[in-house]
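Chain lettering (A, B, C and D) follows the sequence in which the chains are written, and residue indices restart at 1 in each chain.
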Amino acid sequence: MIINGVSIDDTFAEAFGMRGTRVLITAQNLRWAYNAARAMTGFATSVIACGVEAGIERELSPEETPDGRPGVSILMFAMSSAVLMKQLETRLGQCVLTCPTAAAFSGIDDGYPEITKINLGKNLRFFGDGFQTSKVFNGKRYWRVPVMDGEFMTEESTGMIRSVGGGNFLILAESQPQALAACEAAIDAMSKVPNVIMPFPGGVVRSGSKVGSKYKSLIASTNDAFCPTLKGITKTELSPEIESVMEIVIDGLTDPDIRVAMRAGIAAACELGAKNGIKRISAGNYGGKLGPYHFKLREIMA
Amino acid sequence: MLIKLTGGRVYDPAHNIDGRVMDIYVRDGRIVERPNDAETIDQEYDLRGKVVMAGAIDMHTHIGGGKVNIARLMLPEDHRASPAVHTDACRSGCGHAAPSTLTTGYRYAEMGYTAGFEPALSPVNARQSHLEMCDTPIIDKGGYAMIGSDDFFLRMLAAKQDQNAINDYVAWILHASQAIGIKVVNPGGINAFKFNQRALNLDEENIHYKVTPREVLQSLTRAVYELGIAHPLHVHGNNLGVPGNVETTLKTMGAVEGYPVHLTHIQFHSYGTEGDRKFSSGAAAIAEALNKHKNVSADVGQILFGQTVTASGDNMRQFANSGHGSPRKSVLMDIECDSGCGVVPFKYKDQNFVNALQWAIGLEIFLLTEDPWRIFLTTDHPNGAPFTSYPHLIRLLMDKSFRNDMFAKLNLDAQAMSTLSGIEREYSLYEIAIMTRAGAAKLVGLHDRGHLGVGAGADITVYTDNADREAMFAKPDYVFKDGQLVVRNGQVVKVTWGSTHTVKPEFDRGIEKDLKKYFDTYHTMNMENFKVSAAELEEDGRGHVIVQESKGRREKTA
Amino acid sequence: MPDQGMDLEELNSFRMENMTQSTNFPAGTIEAVAFPGEGLLSDDLVISRDSDGNLALQNQACSKTTAFFERPRTPSSPQIAGKPTELGAAIAKVVELFSQSRHPLISGLATDVYGMRAVMNLAETAGATIDHMNSKSSMKNLLVIQNSGWYVTTLSEVKNRVDLLLVIGTDVVSYFPRFFDRVIWNKEAMFTDNTDAREIVYLGGRDLNTAPGTSPSGRKPDVLPCDLDRIPEVLAALRAIISGKPFLATEVAGIATADLEKLAERLKAAKYSVIAWTGSALDFPHAELSIQTITGIVEHLNKTTRSAGLPLSGNDGDVTAYNVSTWISGYPFRSSYRRGYPDYDPYHYETSALLAEGEVDALIWINSFNPERVPPASKTPTVVIGHPAMQFEQPPAVFIPIAIPGLEASGAQFRSDSSVTLPLKKLRATELPTLGDVLSAIEAALKAA
Amino acid sequence: MSALTFTLKQAIQQRVDVSALTPDNLAGKSLSDIAAIPLDSGRLKLRVDSLFDISGDNAEEIVFNNASGKLDYIGSKMKSGRITVNGGAGSYLGFQMRKGEIVLNGNADAYTASGMAGGLLHVHGNVGDFLAAAIPGDRKGMKGGIVLITGNAGERAGDQMRRGIILIEGNVGSYCASRMLAGTIGVLGSVGDYVGYGMRRGTLLLTQPPKLHATLQDCGTHTLPFLSLMFKSFSNLPSKFAAINKNRVQRFAGDIANDGKGEILVFK
């Protein structure tokens, strides 16, 4: 398959089951909603070292938020519910409780076959040292914790669902600036897709990895088959004209969400086309042995 | 009228009768000899295949007096859920945790009980206790006068008055309060709490009187013995409910120096401090000590799960516990330089570690104590559970697999701390009859109750044998009270008024000189009005006063 | 020799045979008599009796006591619509009223234990609702017992232990004239060498008679006056201060916060403080909430020292009435048997409300002690069973005079603190039946009807 | 199917306990069964058909017509369905109600919504004392659900209230929110003396400055974001509160005599 001169590999992205949740963060204005959201989703690129993968899903208008203030929604994913709950609580406590005017609400209440209630601000309330109060509206409990700027408000719990992490595709280009330009185009397009995040910096990861290492203590190491500077000394996957490879990793609430995002991203990259140095789209997998989700590039782009 | 009860299987431990098929004859409220053949039998009950026992006796049940009525007063929410509707035979009432007096009498009779003894009759409040008990139909009753924290007695001890004077005071109290025994609650502790002492150990002095609980116990066990009263001193020990109180209880057994003593609701006094939660079963040590000390008897005070109310004279401990109450309310009182009281509603939960272990501890004590003549079946109504749960408790004792099924539902940490499931013992019908009839009558000093011998009051309960002992004991076929059929198929069919059992030992009335002076100086009532007369109990046709024999002075101290 | 009167057994058997209790009571002196109409139930009275049965109080007591015992006897007979009649006819008329009633009320209930037993029996048989003439005041206390409970004490404990008495909104003596003489300024006490040193503080109320609070040596009590309806606020402030809460106001209802803070310190320093009140004096709506604030103060003080409340009540047998009602039905007054089982609703089963909305259609008003306590005016057919000296502006449908417990009938009465019940003596002969006699006869006739 | 309708035949003198006439209790019962249900009134037990004309067949929808303040316990313990009352209701309207809806067109007596745990109770009229309070002995009043009152409420409204929302468009008597444990009460009109006496927790929202006693203390004026959330949640309710969108309030906290974590919020 070739789109606008870009060849689409007959391969698939291999993805894993994760636990995902959504949190709505509001504040007096968008600036402070973003401040809280960015802090909360910072250092959350990969579960390997960060515990969770998290990112900002989208901006929310005042009409869309429970308290009528502007806000953003964030998504957060982890390999187990225990880790997700722990990370959610820690991050909420350090990044939203602390952030002036910010409040946090559940982002998943219905629409999925199986939703598990998990603590959002339930335990953070104890920061109130007995002065905290709760309110129940429409069957949902909210906590009000007195803090120095007024009150920190947080919903007691949010919803957790079974979701998917590790969707991905690779952009292979003739130069580093061209690869990056394609990634930017892809990320711009994918940011409009709901229910997904691209957790790496700017949505893009350059350090694609393979399983294992010559060093016994490392479980992963650089994906030398896609490193352009090693073309001559390793068993390469790259043709001679490829000078730079970048990857976009996608976590989504469901499998179709990831498909939609991948299609939008790949299409945007391909739009730049071969004339802008974009040569190939590929994807990372482990031979289909590890992840239950296989996103076949050609199927997605068909 | 001559009644014949024909062919029942009789359990009468007082006469070593263990399931013998025999006939019983009743005339004018008493069990009589087999009449000659010429005499007409006016009424005959065919009891072939049925189990026959004397009417059961609850030797420790809070059924009348200030704190019981406070418990009733403060629990409208509990009554609302259990209205007792008017029937042809019975007036209406209410009752679950703290039933109304009428309902109390009916419910006891319906379980085959024909007597119950109020164990904490505060002498200053004795008139009220008796008025309430006289409004408790069918069953016989009586009370143990509660002293030991009263200022008159503590002044005597502090002044080192001789044992004779103490004996006279104890006897006077028995007369004045129309009681059949003497009880001490948290010996000296209720008084110490009025001086802001928050705990009192066996050898700790009351800060005002410089008297220790040990001294209180020694003088009172001895007084009761020397006065020849059948019922040994009834002791609610120090440190009720406190983890580690098993040590206090073991020491208390030793403190009485061989005089007879009865340790009540011993379950609440059998706690160790082992394990992560510093709360463990002391049942094995308690049972071992009970097996060894033949002068000591005990009732268990079993807890059973559900809502109840705790009512005690021990306001020192009840004050400490009041924060654990459910629903969260409590009435506490200091009373008349005489005693105190504390009423705290409580809900025992099988998933609560402490409650579950309390349940197991009670049963362990029942099952590890060898002599059924010295261990008694109580829930300390309503403190551990309402008395209406006795059939369930009997089944727990008689049915190991049932008991183990219940055990398996408990809080898991509590299960891990208990040896209960390893205990094989099952009580026999004969042993149940000892515990709830013959033994109880002997302990309380009821010479004509608790057995089926000729001359006994015809208080008789007839059951249909049933492997489900709870069902069996919950619904007797017949209950006779003083020879009258009062219950048929577990329903009251006739309401009578039982009697009040008392004991009236001899004493030197010279004690009244001191008492009169004390009353006139310090009290707010006249000594003459403090004394309750038998006639008052018989007012309104509410039964009679029976004076049980006391053996007369024993080894009167020089 | 003091005359103990007829012994109870004798009296009882006599009563069974005869609806009246007349017998011989020779002239003499009777000791240890209690005044049954008042909650303190002081039983130190000595009464002389002449051969005609006229009584004279030999003690210095109070005017109410004197009036009770020395009231001249006037002939009295049952009446129907103000016209004298026979007892049997009067009872028949009551039975007629009650058997037709859809919702009968038995109220007043100024009687003793034996009278209340008969009340409960009749109420059950008649499906009646019961209330007491003083329930407006005593219910305030009962609602606190049923909601949070409390820590309270009794008269002899006060007499021997109190070192600081705090009185809320009352002078006490208006209701219990002998209170200070009996339990505060007693010469000897077990745990105080010098009762004269007892501290007295009056908090709330205006123009109280605080003279009885002056110690025998002339030390004046402390008085912190305020309008009665500001007592809830003053108590709340005191409780907040005692609990260590930052309290901002500098004065409350005219009382300086500094004075309340001083009082809080004294309460904390006292070894056995007693906070007393009377339900009747706290005569403002929802006073149970103020009483609950008092009990909250006591609860806090008991964390470090000893303190207790002293609810003073029991006039006209109200403590007796709620105790007997409670042991027989589970509930105090303002309960009902109308449903066939006891049912409790202190808001709705209140005499004046029941009469005003026409919920009840027959009333028995029982009043043994104070002839002035007539039933509330209403259109409801009313039976009065009570003191022979009762006078009516509008004659009730039926009036049945009875023997007064503690005067002309034996009995038993609860004291204010509910812990002590005293025997009441029959002091002289009467032709009149007891309340129990009358109610039992009504009940028997109702059952037969 | 038409609403199961009970029309009171004539004015009655004694109160009647109609707790038996709820959708849950009447589901599947024939009209003749319903007619024979005994109702407590005074000391009598009266058949339903001696008091009411009965029509209709849908027990999910019950209507009381010609109803009066003598009908106690309407909708008691109801778990489903809807009851419409035209005329008036006695005491204990919606007593321990769990789910469903009650609409009263008229006034109700005391203890409306006492022990209510869920559902919607809408009174187009006034209610008496002890709205949403606990009955004596109980330690908790209303435990959940929504109560809307277009008129006034009596004294002790919300006493010991534990959870839920009460919105009163008229005035409220003295001791409003006494001993309140949690939950929210809004009042558009005035409140009487001793508002929040013994209040432990919970929110009382007022539009007019109340007379406060000394242990309710000023915490200043604030913009509280949770109010926006709250009013947004009210936006679909048939109440004047639905139109409010303000979050600037003066906050008084107390009653510090009794724990003191409650708040009285007064619109600025």
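Please note the rule applied: contacts are C-beta pairs under 8 Å (C-beta built on N, C-alpha and C of every residue); 3 or more make two chains touch, one makes a residue touch a chain.
What you are looking at is a predicted structure, and each value in this text was computed from that prediction instead of being measured.
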item: Chain pair showing more contacts of the two, B-D and A-D; value: A-D
item: Averaged-CA centre spacing for the pair chain D and chain A, given as whole angstrom; value: 48
item: Chain C-chain D separation of Cα centroids, rounded to whole Å; value: 36
item: Chain centre separation (chain A, chain C; CA means) in Å; value: 76
item: Multi-partner residues of chain B (each touching 2 or more other chains); value: 74-76, 80, 328-329
item: Touching two or more other chains - residues of chain C; value: 146-147, 337, 344
item: Where chain D touches two or more other chains, by residue; value: 136-137, 139
item: All pairs of touching chains, each written as two labels joined by a dash; value: A-D, B-C, B-D, C-D
item: Residue ranges of chain B in contact with chain D within the complex; value: 74-77, 80, 327-329
item: Chain D-facing residues of chain A, complex; value: 26, 66-69, 101, 103, 130-131, 133-138, 142, 144, 150-151, 153
item: Chain D to chain A touching residues, read off their complex; value: 144, 163-165, 182, 184, 201, 203, 222-226, 228-230, 232-233, 245, 261, 263
item: Complex contacts: residues of chain C adjacent to chain B; value: 7-9, 12, 16, 31-32, 34, 40, 42-44, 113-114, 117, 121, 124, 142, 145-157, 159-161, 182-183, 188-191, 271-272, 302, 305-306, 308, 322-324, 326-332, 337, 340-344, 410, 412, 414, 417-423, 436
item: Complex contacts: residues of chain B adjacent to chain C; value: 64, 66, 68-70, 72-76, 79-80, 83-86, 91-95, 98-102, 122, 124-125, 127-128, 131-132, 135, 151, 193-196, 208, 319, 322, 328-338, 343, 521-526, 528-529, 533-536, 538-541
